[in-house]
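Order as written gives the chain letters A, B, C and D; numbering starts at 1 within each chain.
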Amino acid sequence: MSNNQEAVGRTRDEMAERVALDIPDGSYVNLGIGIPELIAKYVPAGREFIYHTENGLLGMGPPPEEGGGEPELINAGKRRVTVVPGASYFHHADSFAMIRGGHLDLCVLGALQVAQNGDLANWSTGQPDAIPAVGGAMDLVAGVKQIFVVTQHCTKQGEPKLVEACTYPLTGLGVVNRVYTDLAVIEISERGFQLVELSPGVDFDYVQARTGAPLLAIE
Amino acid sequence: MSNNQEAVGRTRDEMAERVALDIPDGSYVNLGIGIPELIAKYVPAGREFIYHTENGLLGMGPPPEEGGGEPELINAGKRRVTVVPGASYFHHADSFAMIRGGHLDLCVLGALQVAQNGDLANWSTGQPDAIPAVGGAMDLVAGVKQIFVVTQHCTKQGEPKLVEACTYPLTGLGVVNRVYTDLAVIEISERGFQLVELSPGVDFDYVQARTGAPLLAIE
Amino acid sequence: MINKQIAGTAEAVADVFDGATIMIGGFGEAGSPIELIHALIDQGATNLTVVNNNTGGGEVGLAALIKAGRVSKMICSFPRTANSTVFPKLYHSGATKLELVPQGTLAERIRAGGAGIPAFYTATSVGTPLEEGKERRTIDGRDYVLEYGLTGDFALIRGRMADRYGNVLYNKTARNFSPVMAMACKTTIVQVEDVVDGGELDPEAVVTPGIFVNRVVEQKNPAYESVLIADGVSYP
Amino acid sequence: MINKQIAGTAEAVADVFDGATIMIGGFGEAGSPIELIHALIDQGATNLTVVNNNTGGGEVGLAALIKAGRVSKMICSFPRTANSTVFPKLYHSGATKLELVPQGTLAERIRAGGAGIPAFYTATSVGTPLEEGKERRTIDGRDYVLEYGLTGDFALIRGRMADRYGNVLYNKTARNFSPVMAMACKTTIVQVEDVVDGGELDPEAVVTPGIFVNRVVEQKNPAYESVLIADGVSYP
């Protein structure tokens, strides 16, 4: 693993745009904090997605203009948002009933590690002095029909985030369906990491070298 | 037991009025079908009760004028009702959350039998050919803070309804707090049926003769 | 573009299959989706398990579905009602089975089904004949029984108003079981008197968010069971 | 006559006792009942267990209560927030304990507490470190953990509007945990910008029915955490 991040593959915005391409029209989608939030900017033409934010809003719209918005209209990341026509507000138990009851089509989350069996670690680095904080991540991965992860392929230190087995504390067991990174799109298959697509200018070996478990080539 | 009902003690309306006297101001009250429904007519001066009907309304008002009302504004007995200021509608799970969660102060129900330990039977005579039907009775007795029973002291056949042990299928175990009959007001105490008050013109022996378990005199 | 509006009741129930579990909203006639039920009778699906608080009245709506022999099992809390004459015959003949569930347990089981809660404990029915077959557990000194979440294949619901996103408002006590049934079924079909434009419903006042609704049918001037019965109507 | 309106925040929290469990509404600053919390700081109750999704920001509201040393235990899902500087110190010193609960499990445990459900099963946290100490059960082939209902002595809540019966409406995403907390506490205290006459709220749109509310305080122009922090306010 190298320690410097080469300027290859997709940018954060390009990763977000790539994820959006795979979301079917009419989907109910929960977007995690970070790169997932950017997805809302890239709804493909002719499609309509309904964004859910677990603090109690279905029909979340884009952020207000800088300095605008209201302190009591926020998303799960506690940032100000807007609402679109057809929106509804509800309390937390109802909001997580949507999540736990399998009513959301898709959740896109960040990750610390994804294992080849779909295990996800994204809430804690397990450092003994860190204050643990989990939020809604465990509820989302346990309840939402499909879990996409969007993340840099490696950590800032160049360590692979796609691994044989997670070493960080787990968020959920076998929950991830697909991973979108700066380098590739990878499906979690019965046999492990199945390459779906390489980012422009990236080749198989380059991705495999930065992946902590075998990568299955496109057949 | 005699087979003829003497015209002694309280009428149905007088029983309802007597119950109402014991309901504290500001109480949240669920009224069962039959005599309990009559209680709503007798709110003592200076008090305000909020009536709950388990099909989804808090702030139930009196019945509309004959032939009036709406088919979709009904009570648990499926009769048309009205709403008072401060009312709210909610769904069945929320309505029974109020009941099960102990938020209602009082429920007044009819009974087939009440045992001296507070066991209540009011949903089934246990006849093998009868179609069983329970409605919300078991939820109400399990959840509401206080359960009052208002009933004729004896069946039409002159059999006591206040008994040593219920022979009909139970609605709940040890749930009844007080019984209001045409003949008396009786508290379910640790020691059994404790007389609280005799109806006008009724004496202790008369009530005891019509009660299937020892009646404790007022000390 | 998301548009859940369907042209008519026949189209809305076209894919109901034999053996399906159908949750039908309504408490007595309040909130009973009569036109959707009649469309289901016309459609022909049979061997249905139906979840409703009651068993319908007269020979219209749910009672007509039962009378037509389409219901092999009822899950309800109160199968007796003043006007309920159809169910008793089929119950006694064994043609229609009955699972009797206390009303609040029924509501909570449906809510649990919709909320991804497979099972929960409640004090309701402890020590009664309806405890039979249930697991008992003592928690903090009180006895409870274990109850399981209930889900369905289709929910048939009657609301007052909806938009193309499937957001629904109800009418007074017609709300009853419908919001939790909408949560608990794979396909939720709602008939409303008015379909309004997206954005016309106040987001603070929406009762059933569109995520729980799959199909919306506009049914102007819906029938009321009591009126049909008074008019001597027998469906079909 | 029922009238739940109380003159001021000090009177509203006067009977909070040492060792009480307090549920505090709000997700971040949205719905945080800052004036009620400040009144509680003035009142002096200590050794409190506080239930909130977070641990407050800056040195106002919940963070100020924690800083004042009144909170011996936090039950929350996300004790870290951008502006959360107070809790870490007390957590590391051991002065304030933490029970970490996944957000949806927290909401459902509170709802269960309010609904008389002593315990329920959920798939959330299965196979993770947060499963530790929980009973596991397989239902229909899937693993779940047993979670217990959560109740409190007092709920402090911020709404938009209420009437004398205690019916409450909220403001947008400020609703969050408040409706279930109102259900789960013995005494629920709500601050609202406007107390309106009984009958002014649409019964179809009431979010928290008055049965769940004990005290209503009118608090015109309530503060916002972000504004106080930007202004450098530290309470008291």
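The working rule: contacts are C-beta pairs under 8 Å (C-beta built on N, C-alpha and C of every residue); 3 or more make two chains touch, one makes a residue touch a chain.
Source: prediction; values computed, not measured.
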Chains touching both subunit A and subunit B: C, D
Greatest separation from subunit A - chain, by CA centre: B
Chain centre separation (subunit B, subunit D; CA means) in Å: 36
Centroid spacing, where centroids are CA-atom means, of subunit A and subunit D in whole angstrom: 29
Junction residues of subunit C - those touching two or more other chains: 108, 111, 115-117, 122-123, 170, 172, 203-204, 207
Multi-chain contact residues (two or more partners), subunit A: 57, 83, 89-90, 93, 96-97, 99-100, 143
Which chain pairs touch, all of them: A-C, A-D, B-C, B-D, C-D
Complex contacts: residues of subunit C adjacent to subunit B: 27-31, 53, 77-82, 87-88, 91-92, 98, 100, 102-108, 110-111, 122-130, 170-180, 207, 224-227
List of subunit C residues in touch with subunit D within their complex: 108, 112, 115-123, 139-140, 142, 144, 148, 169-170, 172, 202-205, 207
Subunit C partner contacts - residues on subunit B that touch it in the complex: 53-57, 70-75, 78, 83, 89-93, 95-97, 99-100, 124, 129, 131-139, 142-143, 169-173
Contacting residues of subunit C [partner subunit A, same complex]: 1-2, 111, 113-117, 163-165, 167, 183, 197-199, 201, 203-204, 206, 209-212
Residue ranges of subunit B touching subunit D (in the complex, touch as defined): 25-26, 28, 48, 50, 52, 57-59, 83, 85-90, 93, 96-104, 143
